[in-house]
Amino acid sequence: MKIGFIGLGNMGSAIAGNLLKAGHQLTVWNRSPAAVTELAARGAVAAKAPIEALKGELLFSMLANDDALREVGLDGALLGQAAPGLVHVNLATISVDLAHELAEAHAARGIGYVAAPVFGRPEAAAAKKLIVIAAGTDKDIARARPALEAIGQRLTVVGSIPEQANLFKIAGNFMLAAAIETMGEAIALLRKGGVDPALFIEVMTTSLFASPAYQGYGAIIVGQKYEPAGFKLRLGKKDLGLALDAGDRLQVTLPLASLIHDHFIEAMASGFGDKDWAALAGLAATKAGLPSVA
Amino acid sequence: MKIGFIGLGNMGSAIAGNLLKAGHQLTVWNRSPAAVTELAARGAVAAKAPIEALKGELLFSMLANDDALREVGLDGALLGQAAPGLVHVNLATISVDLAHELAEAHAARGIGYVAAPVFGRPEAAAAKKLIVIAAGTDKDIARARPALEAIGQRLTVVGSIPEQANLFKIAGNFMLAAAIETMGEAIALLRKGGVDPALFIEVMTTSLFASPAYQGYGAIIVGQKYEPAGFKLRLGKKDLGLALDAGDRLQVTLPLASLIHDHFIEAMASGFGDKDWAALAGLAATKAGLPSVA
Amino acid sequence: MKIGFIGLGNMGSAIAGNLLKAGHQLTVWNRSPAAVTELAARGAVAAKAPIEALKGELLFSMLANDDALREVGLDGALLGQAAPGLVHVNLATISVDLAHELAEAHAARGIGYVAAPVFGRPEAAAAKKLIVIAAGTDKDIARARPALEAIGQRLTVVGSIPEQANLFKIAGNFMLAAAIETMGEAIALLRKGGVDPALFIEVMTTSLFASPAYQGYGAIIVGQKYEPAGFKLRLGKKDLGLALDAGDRLQVTLPLASLIHDHFIEAMASGFGDKDWAALAGLAATKAGLPSVA
Amino acid sequence: MKIGFIGLGNMGSAIAGNLLKAGHQLTVWNRSPAAVTELAARGAVAAKAPIEALKGELLFSMLANDDALREVGLDGALLGQAAPGLVHVNLATISVDLAHELAEAHAARGIGYVAAPVFGRPEAAAAKKLIVIAAGTDKDIARARPALEAIGQRLTVVGSIPEQANLFKIAGNFMLAAAIETMGEAIALLRKGGVDPALFIEVMTTSLFASPAYQGYGAIIVGQKYEPAGFKLRLGKKDLGLALDAGDRLQVTLPLASLIHDHFIEAMASGFGDKDWAALAGLAATKAGLPSVA
C-alpha cells in the first residue's frame, strides 16, 4: 500500500521500518530530519512537507503529544488537502477528549480515522512484537488492517469508536503504574522489616505474579536502577492524568489512579521527573525513611 | 518424624495429608472432630487433647486467627508441657505483633519456633503445590525442613526472625488485593466507555500481565462471580489490616493498602463481607454507577 | 467611574447593583436580556453588544466558566477594540492556567487586567458583604480600587500577578470542601455509633469550630437538606479540579483535594450533581451503609 | 463529695485542682509522687496505693493510655475492692473497644462507669474552660454531675453507653487533624504560587473560618513553630488510629482519616514524632519540595 508516516521518534522509526519490510511504499516526514534520512536509505520517500504524507491510502502518525499533533496540523488544517479516501491511523497515546475531537474533525472532511495505540517499547516495536489496540469503523479498520498486522505480534480491535482504543490503552498503562506502586510499597515494608526484597520479588514473580510487567519492573525496583529511563516518570504522570480525565468524563472514580498521580507529582517535586517511572518505588522508600537512590 | 498437628480446616487437613503421605507419624487434634476422624482413617493418631500434639519432634499448627491460637493455649499455657526440643511450625497468616510475641513465648520455654505461612488455596495444598515461606533460627529451620519440604512445591527461607516470614506473606497478600483493586477500577472505566472488559482482560493477561494472579482474578471479575467465595472479603480486610499494622509498627506508610482497606470496609457495609474478596471490583463498579452483582 | 459590566447572573447582578448604588455609571451586557432590563430600570445603560461594555474606564466581568468567557471574546478578539487605558476586572473563579493566559492576552493589547474573585453567596453580594481577593499590577489595582471597595466588606490585594488571586480563591474553596468532607465522615461515624449528630455539631461549632463555614454546612449536613443547592456539587467538583490543576502545574501534591475530587465524581455518578455540594456528606453516609436523602 | 483521683499529669493535676477549689475532698494517687505532693499541699490526701482512691463516692482517672490503665488495675483487678456504689469517671481519650470492655468490667462488679473525655489543653483545664463530653447511665451521670460541672465550662451528656462519649471525642480530634491537613495542603500550594500564607490565613480565619481551631493551628503552621509540641504528633497518630479502629468496628469508611493517619506515619518516619501534630503541615510542604523546618 501507499502509506505516509509522520513522527519518527524511537517508536515511529521502528514501526515505519516494519511497514517497509512488509513491502509497503512509505512517504515519511519528521520535524528533525535525521530519522527521515535513515528511513530513506531503506527505501522510503522523504517528504518535504507533512502534506505529502497525506497523499496515499493510509497515513500513520506517532506524535509525542497533543501539541505536536496540532502543530503539524493533523487536528484540522492539513486534513482538507488529503487524498480522497485516506485513512489516518493514529498510533499515539492521547486523551479520550482529543481522540473524540480528532474523530469528528476527520469525519467532517470525509477522511477515515483509526486510533491504534500500541503496547511495547522501542525494542518490541523493532522486533514486530507490539500489541496493537485499534478502534474505528469496520470500513476504516478493514483498510488499515494489512498495515496494522505488519507492525505487531497481535492486532486487537476493541470497538468502532476510535476513542475506545485510547481508553483501552490508558487503562493498560494505569495497570502498569499500579503494579509499580504496589511493589514499591511492599518492598519498602519488607526492607524496614529486614527481609531481602530481591528474594521477595523472585518468589512472587516466579509464581502468582510470573508476568513480564512484574518481572521487568520488579528487577528495576530491586536494583533501584531508575536511570536511564525506559519511560520517563513525567510521561507516566501524563498517562495517569489521561486516566483521571477519562474517569472524570465518564463519571468513574479511580481512587488508585488518583493516589498514583499524586505520587508522581510528589516525585516530580523531588526532581525525579526524568527518571524511569519505576522511581515511584523510590518515592515509597523515601516516604518510609529509607535511603533511596531515586 | 513424630509430628503433632493442630487445626484441621481445609488447609490444615490437606497439609496434614501430605505429611502422612511423606511417611511422618502424625498426632492430630482439632476442635470439631470430623476432620480428626478422616485423618485417623488414613493413619494419624487422634489426640484427645491438644497437649498430645506437643509430645513429638515437631508441632504444626494452622489456626484461623489469633483468638483460636490463644484458646488452644499455644501462646503460652500449653508450651510449658511440651516435649523437650519441640519445634513449633506455625503455618497461619498472623500479625507481625503476634508473631513477635509467640517467638518470645516459645524462646522463654526453650521451644523452637518457625513461622511458615503459605501461599496457595486448599486445592494447591492437597496437590502439594504450596509455596512455603519460612523464618526461624538455622537450627529450628533445619529440624523442620524435611517436613516443610513435604507440604509444598517450594520452601523459601526468608530470615532468621520468625515474624519476617509473616511480613513476607502479608506483603504478598497485599499484592493480590492491589491487583484486584487495579483490575476493578480499570474495568469500571472501560465498561462506562463501552469497551468489552473480557477482551481487555484477555489481552492484558496473555501479555504484560500473563500470570496466575491476574488470570484467575481477572476471570472472576469479568464474570462477576463473587460467590461462592474462594477467600472471603472479610478475611481480605483482616489481611490488609495486618499490612497496615505492620506498616504502623515499622513506620512505613502504605497509602495503597490504606485505600484498599477502606474499600473493604465500604464493601462490608454494603453486605459483601462473605463474598469473594474480588468483590472489591464489584464495589468499584457500584461507585461508578454501574450495575453490579456484588 | 464609567464601568462596563458583562455577566449578570445572580452574583453579577448583585455586584452591579452595588456599583450603581456607589454612584458609578454602568453599561451592562448579558446573554439573556432579563437581567439587563432590571439593571437598566435602576439606571444602568443597556449595551446592545458586549463591546459597548469595553468603552469605559473599567470592565467588570462575572462569567460562569472559561467557555462563556471565550464565547464573548474576552480572551482576545474583543480586547483589540477596547477603550485605551481600560482595566478589566475579572470576578470569576477561573483556572490558574486561564488566568495566566488572560493576563498575557490583555498585556499584549495594552489593557489592564485585575483578577478579583470573591468569597460569598448572592445574598452576601447584595448586602455588600463579599470578601474580594484581588491581584494585578499596582497601577491596575489602583485604578480598580474605588470600584472594588464598593462591592464588598473587605478588599485584600494578594499579589501583583493576577493568577495569584485565583490561586488564593481556589485554596479557599478547597478549605470549604474539606470542612464538608470532614463533617460528613465524622457524622457517619457518630450516626453508626448511636450518637446524635446534631448535638455533636452544636458542641463543635460553638467551641473549636465556631465559624460560619462549619456552622452553615454543619446545619445543612445534620438536616440532610441538600436541595435546593446553594452551590451545586458539579461546580464544587470543578473547583476541586482547579485546585488539582494548580497543584499539578506548581508540583504540589494535594492528596486531600484528590480524595474530595474523587468523592465528587462518585457523587455525580450517583446522580447528586445538581444537589448542594454538602451532599458530599450524604455520600459519606451512603458509603457507611446509612440511609441518606442524598 | 469524697473523690479519688488517679493520674496527675498536666491535665489531671489541673482538673484535680478545680475539684479541690469546688470544695470536694480529694484522695490522689500518681505513679511519680511530685504531682501528689503539690496537690497535698493544696488540701488533697495523698494515697499510698491506688486502691485508696477507690474508697469514696467517685473515682476520677486521667491515664495516658490503655497500658497505664491496665497497669494500675482499673480494667479489673482493683475494681473488686472498691467502695460499694463507687462511680468511676474516666477522663481519658481511649479506644471505643477499651471503653466497651471497661464498661462491662465495671458493670460485672456493680461499679458505675462514666466516660468523660474532655476537649481542651492543660491551660484550659486550669482555667476551668474544658468542654466535658460524658456518657453513662442516667444514675451514674447524676452521681458524677456535680463534680463534672466543677471542672469545665460545659458538660454535655451524649449518650447512655459510655463508649459513645469516646466516639464523640475521637470524632472531634479527627476534625482537628483534618483542619491541620487542610491548611497544610492549601498553604503548600500558595507558597509555591508566591502568595503570602500569613495573609491567606488571616483572611480565612477572620471570615469563613473564624474559629479557635483554625486561628490557633493556622498561626502555628504559618509560623512553622512545631516545637515545643502542644500535642505531640505521635499522640495525634494514636488518635487517628482510634478513629480508624472505631470505623472498622462500626463499618464506616473514613478515607480522610486514613489519609491523615498515613501522613502521620510518614511524618514519624521523618523524625517528626515529638513535634506538634501541626507538623503535618510541614510534611505537606516537604512533599511539595518546599523548605520546611519540620
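Residue numbering begins at 1 within each chain, and the chains themselves are lettered A, B, C and D in the order written.
Rule of thumb we're sticking to: a contact is a pair of C-beta atoms (placed from the backbone, for glycine too) under 8 Å apart; a residue touches a chain by one contact, two chains touch by 3 or more.
Note that the structure is a prediction, hence the values are computed from the model and not measured.
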Practice task
Select the chain at the greatest separation from chain D, using centres from the mean of Cα atoms.
Solution key: A
Fill in the blank from the handout: Ranking C-D and B-D by C-beta pairs in contact puts on top C-D
Handout entry: Cα-centroid distance, chain B relative to chain D, in whole angstrom
Key = 38
Practice task
For chain A and chain D, let me know how many angstrom lie between their CA-based centres, rounded off.
Solution key: 53
Problem - Approximate Å spacing (C-alpha centroids) for the pair chain C, chain D - result: 38
Handout entry: Junction residues of chain C - those touching two or more other chains
Key = 247, 251-255, 259, 263, 266, 269, 287-289
Problem - Chain-level touch network, classified as line, ring, star, complete or other - result: complete
Exercise for the section: State the interface residues of chain D toward chain C in the complex, per the touch definition above. Expected result: 96, 119, 131, 133, 154, 156, 158-159, 161, 163-164, 167-168, 170-172, 174-176, 178-179, 181-183, 185-186, 188-190, 192-196, 199-200, 203-204, 207-214, 243, 246-247, 250-257, 259, 263, 287-289
Fill in the blank from the handout: Interface with chain D, chain A side, in the complex: residues 255, 266, 269-271, 287-289
Completion exercise
Interface with chain B, chain D side, in the complex: residues 241, 247-248, 251-255, 258-259, 261-263, 265-266, 268-269
